[in-house]
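Each chain carries a letter (A, B, C, D, E, F, G and H) given by its place in the written order, and its residues are counted from 1.
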Amino acid sequence: MATIRSTGTVVIDVDACKGCDLCVAACPVDVLVMTTDEVNVRGYPYPQLLPGCVGCKACSQICPDFVFQVYRFETPVEHEVSDPPPESSLESSEGVQ
Amino acid sequence: MATIRSTGTVVIDVDACKGCDLCVAACPVDVLVMTTDEVNVRGYPYPQLLPGCVGCKACSQICPDFVFQVYRFETPVEHEVSDPPPESSLESSEGVQ
Amino acid sequence: MRREVVLTGIGGQGIQLSAQLMARSALASGLFVQVFGSYGGMMRGGNTEATVVVSDEPVVAPPTVERAWSGIVMHHDYSEATLARLRPDSFVVVDSTVFEGELPQDLRRVSRVPATALAIEVGRKQVACTVLLGAFAAITELVPLESLVGALPAALPAYRGKLTELNREALEVGFRAGSDIARRDAVDGASRVAVP
Amino acid sequence: MRREVVLTGIGGQGIQLSAQLMARSALASGLFVQVFGSYGGMMRGGNTEATVVVSDEPVVAPPTVERAWSGIVMHHDYSEATLARLRPDSFVVVDSTVFEGELPQDLRRVSRVPATALAIEVGRKQVACTVLLGAFAAITELVPLESLVGALPAALPAYRGKLTELNREALEVGFRAGSDIARRDAVDGASRVAVP
Amino acid sequence: MTTRSLPIIESTSAPTQAAKLVDDFTPGLINQGAHHLCPGCGEPIAMRLIMEAVEELELAQKTIAIFGIGCYTAYSNNLDVEVLQALHGRAPSLATGVKRSLPDSLVLTVQGDGDMVNEGLQEVLHTMARGESVTCFLLNNGVFGETGGHMTAATVLGQRTKNSLEGRTAQEHGYPIVISDLIARLDGAAYVARGAVNTHTNVARTKKMVKEALAVQTAGLGGSFVEILTMCPTGWFVDTLDAPDYLNDNIEPIHRFGVVLDRSDDSRHHGAGR
Amino acid sequence: MTTRSLPIIESTSAPTQAAKLVDDFTPGLINQGAHHLCPGCGEPIAMRLIMEAVEELELAQKTIAIFGIGCYTAYSNNLDVEVLQALHGRAPSLATGVKRSLPDSLVLTVQGDGDMVNEGLQEVLHTMARGESVTCFLLNNGVFGETGGHMTAATVLGQRTKNSLEGRTAQEHGYPIVISDLIARLDGAAYVARGAVNTHTNVARTKKMVKEALAVQTAGLGGSFVEILTMCPTGWFVDTLDAPDYLNDNIEPIHRFGVVLDRSDDSRHHGAGR
Amino acid sequence: MSVAQVASSGSSASESAAEPEFLEGSEAIARAMISAGCRFFAGYPMTPFTEVLEAMAKHLPAQGGSCVNAESELEAVGMAWGAAATGTPAATGSTGQGLSLMQESLAEITYARLPLVVLNMARAQGDYFQATRGGGHGDYRHIVLAPKDVTEAVYLVQEAFHLAAIWRNPVLVMGDYYIAHTWQSVSTARIDFGPEPDRSWALDGATGGTGKAKLISPIADTKRGDDVGYDLAEFYGRRGAELDVMGREVQPRAETGFLEGADLVVVAYGTVAQYVREAVANLRADGAKVGYIRPITLYPFPTEVLRNAASSAKAFAVYENNRGQMIEDVMLSVMERADVRFIGGLSVDSSGFGIAPDLDVTSVRARIQTTLEEIS
Amino acid sequence: MSVAQVASSGSSASESAAEPEFLEGSEAIARAMISAGCRFFAGYPMTPFTEVLEAMAKHLPAQGGSCVNAESELEAVGMAWGAAATGTPAATGSTGQGLSLMQESLAEITYARLPLVVLNMARAQGDYFQATRGGGHGDYRHIVLAPKDVTEAVYLVQEAFHLAAIWRNPVLVMGDYYIAHTWQSVSTARIDFGPEPDRSWALDGATGGTGKAKLISPIADTKRGDDVGYDLAEFYGRRGAELDVMGREVQPRAETGFLEGADLVVVAYGTVAQYVREAVANLRADGAKVGYIRPITLYPFPTEVLRNAASSAKAFAVYENNRGQMIEDVMLSVMERADVRFIGGLSVDSSGFGIAPDLDVTSVRARIQTTLEEIS
């Protein structure tokens, strides 16, 4: 068990997504993952949010389909998780492919 | 009295001339002069040759109306003249304007 | 014998490829075929539609038909005009993963196959229509599976060679799903729609 | 009263300017005028022609006339069509320095003025037609010299202002030459052609 | 595939905790985000950043955007600025007519490389040479996306396209035009820069260029021009996720990122027009 | 007026003394010298030197000359090489079609600055960018001579023309395009040079450039391009005799003489086509 | 001779207070355009359009307008398009080749429903089909006006701006070398054609950010704000219907002369018609039963005028300076109610513009005479 | 149903030895062009012309030809012009806007008397006027062929090269999205149309330095070798006369069906005519007295065929996918011998090409039915 702190969060407009993965690659803290077993109304996998978002707007700025709304919390939010977060966001971000 | 030597000469197709003066300006030894009291069939003054041509083709290459044929003598030709040739061809060439 | 099949979907689902496979497979069986494909409007992801006419005598028909014998329906977007071309007694196979539209009331039979889901399992969403074609073949017996697979090399552009394998799998997966449906239908007593 | 004058020459002789001077001078006398100028074909030095119609009532005529009262002829090149427009009883003034062509047989009178030579004396070959116009005015009395000179500023483009003086001189030189001819003709008993 | 088993955060609606909205689905000047461009296409990203720049500079009510013809044309329908639709290649000339008629407006064009470097090369060059106070944006993806991914006059050597399946070669297909560098040679141009939308940092960098270009127009300094390299996974025969790297590795070495020309400090330089 | 009183040499026919003809009225490849271009026009001089270069390289029977539309067009009638008349601005595209069909021919175009830098800017740039093995000649006099001396896209600032009577200003008329320098930026171009015909020494120098350009074509190295500055006393509002100096003083400082690009040593560079 | 159908140019000149000036046709046209409100002009030199361009460049800036020396005709028409989209009364034009280059844009400007005046300062009359049927792609029409001389050109050019504004459609004015190069004393003062329609459709940037930002496009006129995109069928249908209305409601016009009792009616337009009129007048004076019709609007074509004349005439002779184009409109009007013959033919001088050698009253008269003999 | 007037495509396919292949229309057209000898092609992508361009790029180089991906349509037509001047059988083409851009060159290529095949892979049928009257400047015509399907396109495209060579004139082939995108089994083997005319007029450089070097120009065909310059009047006169001869001598063609006893004749061309034919056949089967005529040559128009039909029919109904253009040629043929009505109209889908929603047998049939009722 560990605690992950999110200083921001996103709203994901799932049905707008075209599954291109660009957001996942862009997220500097690697908190976006694509669905593997579910597709949206257009038949695309789409991203889901894990704890740890920093509200950096990387995803929203790179997303070609305007799927994200980004918020920054006034006070950070803590999430209890079973595993520790990955060491390097960059490596793990690549690992998502 | 003096002697001027011509190592070349030109044939001038007077009626083809449009009186632009470019040949006169081009002649490095200043042996072309424009008529001042006669015009050709199109109403233009045209160049005449004085002794001293060197057959350098400056006139024929610059003439926009292909008025000149240029020859080089196998043996230079001497002309008797009353005045000495001008000192500097460039200055006198400008003087012709 | 003359069979008209209309296919409809959105760009990137493989509609045109499926029409080609069906056509070449029918040609291989000595039938006459005409295909008309319409796709790519102002942008990607637009409508794509195909009309396949298979006949045992030379086809002299306008490129589009208005009374089709059956349909392959990949998506609800833009499907309206195509669905309107179906004969009252025709039947359709539908990609149940994504299709959310209305179908005409009077169809003889509707077979729902989760083609996109199966395609993603195969490894590429883009082969969804090939999956549905496989199912269609199983249900209608208009063309045999082997000849569909055999048509793949000719129908895929040379530079897309690596897709042959994926599509072969998709056809097989779809064919299996279609066979299941056909079997179930037979049990249910639904009327067969295969080529007479 | 209606007078048609046609002018012909090659580019650079001042044909259009002369037509303008004649027209504006006639306008200044309260007459009605129409001018049509044609010039500049594929290249410089091509044909240039003008038609001036002067009348004491408003001019409603096609731009070109085919029965002109008189002509101003600056050069033989291209002059054929223009000369053909002259009435049998018309007359022409000709630049004798360069004109080498044939004139129609039936002209009432031909006045030869060495316009180009005179223009070169004035200092610029390009004012040759203005010289001829001066002569024409003296011979025909269609327009007075003063009003031709008066028309110069309006007829010359602003950026050619320095030419006003040259052209004034040209008009005067020509007028003098024309007056001489007119006087000589009068002595010779040649019929007058001036405006009735 | 990730092996982590972190909890998925619910993200279908705004957070219940106190939070500030820092980026919306679409910028204020895009009426409608949804579009039919391909997955992973760079063009909507470019459109977003241009519209954000206009909004941030508070120029929306002065803007007239003139569109060329390519995949991006679909966007003419979605923007909340006034749009004038041009023919293929002709946008800069329309822009000239608009700007001369409305000297106080902000006039921008949106063209692709096919539209600008092929069909309309002459128009953009003349407009920039003249020093027209308009801003031209080039969405350069190295292909005619719209017609199915054919080579353009800007396609780099070696690139595979629908009509250079083995990769563009100089011998068969000629050499590409490096358009921003060419435009920077024109005396009428006051600002020329090249950015990209393949990473979010490039997006941010490019937005600065866009703002600078618009400022140059507002100041009447002459022509301004921003080339934005965009991904076209469809035309490039690459997966959407590989496209950003493909751009870095294959296109950027020829069409280099950066400010190519900046005369914004030269107050003697000024645009044409009245 | 000269004050000398030298005798006038009779020069209506060939000399009676033994002499060698070193220059004829017109070069062998000009059927007809007489033309209706203005007194002091530079274009016939340029045509002469191009035709001399073709003759000296013994390429006459391979040559197809493609003409644009301007005063020089009159020359299409006079040359003793095959001529294909193009529309205004379009010559380089016709040249491409000819060269692809007859790869062994020598294909050259003759255009003016109006024809090339205005109406057909796109065509020459694409042709040179592509690296088409053709040679394009530009007779640049800074005006549309043919229509009466209007400003072109190559007219230098300050020059008086029919539509810039007080001299071209950037603010009113935009900036000029320095075309050879622009073309030299194109990877497909193999040889780019700028000469002039305002003096006989420049004529000689320019002839060398023309020969080099044709040699580059023969070797299939890519596009070759020679700009020739020509006098247009009519359009420039200057006397014929002042025109050569006007060119030196006003035009050459912007459109500089010399070889701008020479890849003729780079054997890896090659033109497009088959 | 009676000048029929419509207020001809004569009346217009008198409407204006300003004194007539002695002007070259090209200059008069330019001044008339400015009087009509033209504030944007772009063009590329080509004789005899050049002359108009020069005059616009000289006069327009002083009126607060812009005249751009465009780098080519393609660019000129593009610039005019841009200006027109801002609601600025705009014009462009060219000659022959230049007009051909503009066809793509002229077609699309029509779909985009923009007012624009286009001058075709033609060489000869070979562009009749292009003008009346549209040389570009698709299905569109321009209103086409064909003045016979400078005075009428000055009137029609002004009216062209009015018609363009009313119909939000390009209006083509057919001039030629003769009109451009003829000097006449004319008034170019503003003519009042009644109230101008509103231009609230025009772009000025102001609707940006309101959620309803304007759109001007050849395929739509409002943004749909959905993700489906434009509905071309709907738009083209609507635009087509508007064009139909324009074709029906614009008043066709013609000048007619000597029609009473005419066995033969000669049809000609533009400058050519001036020679025809004079030839017909001569023949009438000699007792021949011949009249003429001069279409002033080439589109819509004055079909009724011809049809009415066909009820009494035996034959029609069409004189065009081309190989025969307007003759199709004449035949479509007359049908088989009278014989239709072509008596024109292309006539050009060595420059391809300038004076048409065949065009003089004597030879026109001779052709009419021959036709009269043939039909009697 | 009888296919009238001319050897239709059916016979041509059987003439060739080669086995039919299953090909998309665009590919079939490309192969047919190559079979016909085409060795130069240039084009710029635009749906549905793109597809032909792609196929040419794929196949032409292997035959020793050149296919250039031109940077624009203006450049494409220029390249084709250059190639044509060397005597190389050449073609180009485009769609809509692209064709409009080419009008200037297409006009001048015609004056220059060069053979060229031009494909108009049209969207809808709005370009009828442009094709048949020439959208460019001046007075010229192209031969215009309008196939109804892939099989006929393969035939006519080959014949186009032959006609272009014989007449030294551009020949336009009107295709569309349907033809480009329809797959059929067709043979694209070479069809023999008889001996090819000589091409000694073509440029190859060889006459340089002979004193008689060749010239190809839109305003002259030989150098005069004097200082006067070209004689445009003479040249245009000659060229015009050649065009007249071409217009008279090229055999007009049409397919006709069910004309016997038909009260109503429906006229349509191209793909549209396929729907009309089927609708007419249906109606005939139900006893309606209706027939059809499908012009195959749009220029020269098969006037006689229509005129003959007019002697017995009460009315003609014209179906075009546009606002009515060919109807003028129908009226010029039928005159007032029968009533002429327009039953077509522009029908496009949201892309502006692709499927025309109105175009199905039922709705075509309904329009014909209505007309039948109106006239009875």
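Here is the rule we go by: a contact is a pair of C-beta atoms (placed from the backbone, for glycine too) under 8 Å apart; a residue touches a chain by one contact, two chains touch by 3 or more.
Just so we're on the same page, UniProt names per chain: E, F = 2-oxoglutarate ferredoxin oxidoreductase subunit beta.
This is a predicted model, so every value here is computed, not measured.
Traced through touching neighbours, the fewest hops from subunit A to subunit D number 3.
When the contact pairs of F-H are matched by residue number across F-G, E-H or E-G, over half of them reappear in E-G. Here E-H and C-H are compared, and the pair linked by more C-beta contacts is C-H.
Taking each chain's centre as the mean of its C-alpha atoms, subunit E lies 41 Å from subunit G.
Taking the mean of the C-alpha atoms as each chain's centre, subunit B and subunit H sit 64 Å apart. Annotation: 38 Å between the Cα-based centres of subunit E and subunit F.
Multi-chain contact residues of subunit H (touching two or more other chains) are listed as 47, 71-72, 97, 104, 108, 219, 229-230, 349-352, 357.
Of all residues in subunit D, those touching 2 or more other chains are 40-43, 46, listed in ascending order. Among all residues of subunit A, those that touch two or more other chains are 19, 44.
Chain contact summary for the complex, subunit H toward subunit C: residues 22, 24, 47, 149, 177-178, 181-185, 271, 274-275, 278, 349-355, 357, 359-362. Contact residues of subunit A toward subunit E in the complex are 4, 6, 8-14, 16, 18-22, 25-26, 33, 36, 44, 48-51, 53, 55, 57-75, 77, 79, 81-83, 85-86, 92, 95-97. By the touch criterion stated above, subunit B contacts subunit D in their complex at residues 19, 39, 41-45. Per the touch definition, subunit E reaches subunit G in the complex via residues 28-29, 31-32, 34-36, 55, 60-64, 66, 74, 76-87, 90, 92-102, 105-106, 122-123, 126, 130, 273-274. Residue ranges of subunit E in contact with subunit F, taken from their complex: 118, 120-122, 125-126, 129-132, 153, 170-178, 181-182, 185-188, 270-273.
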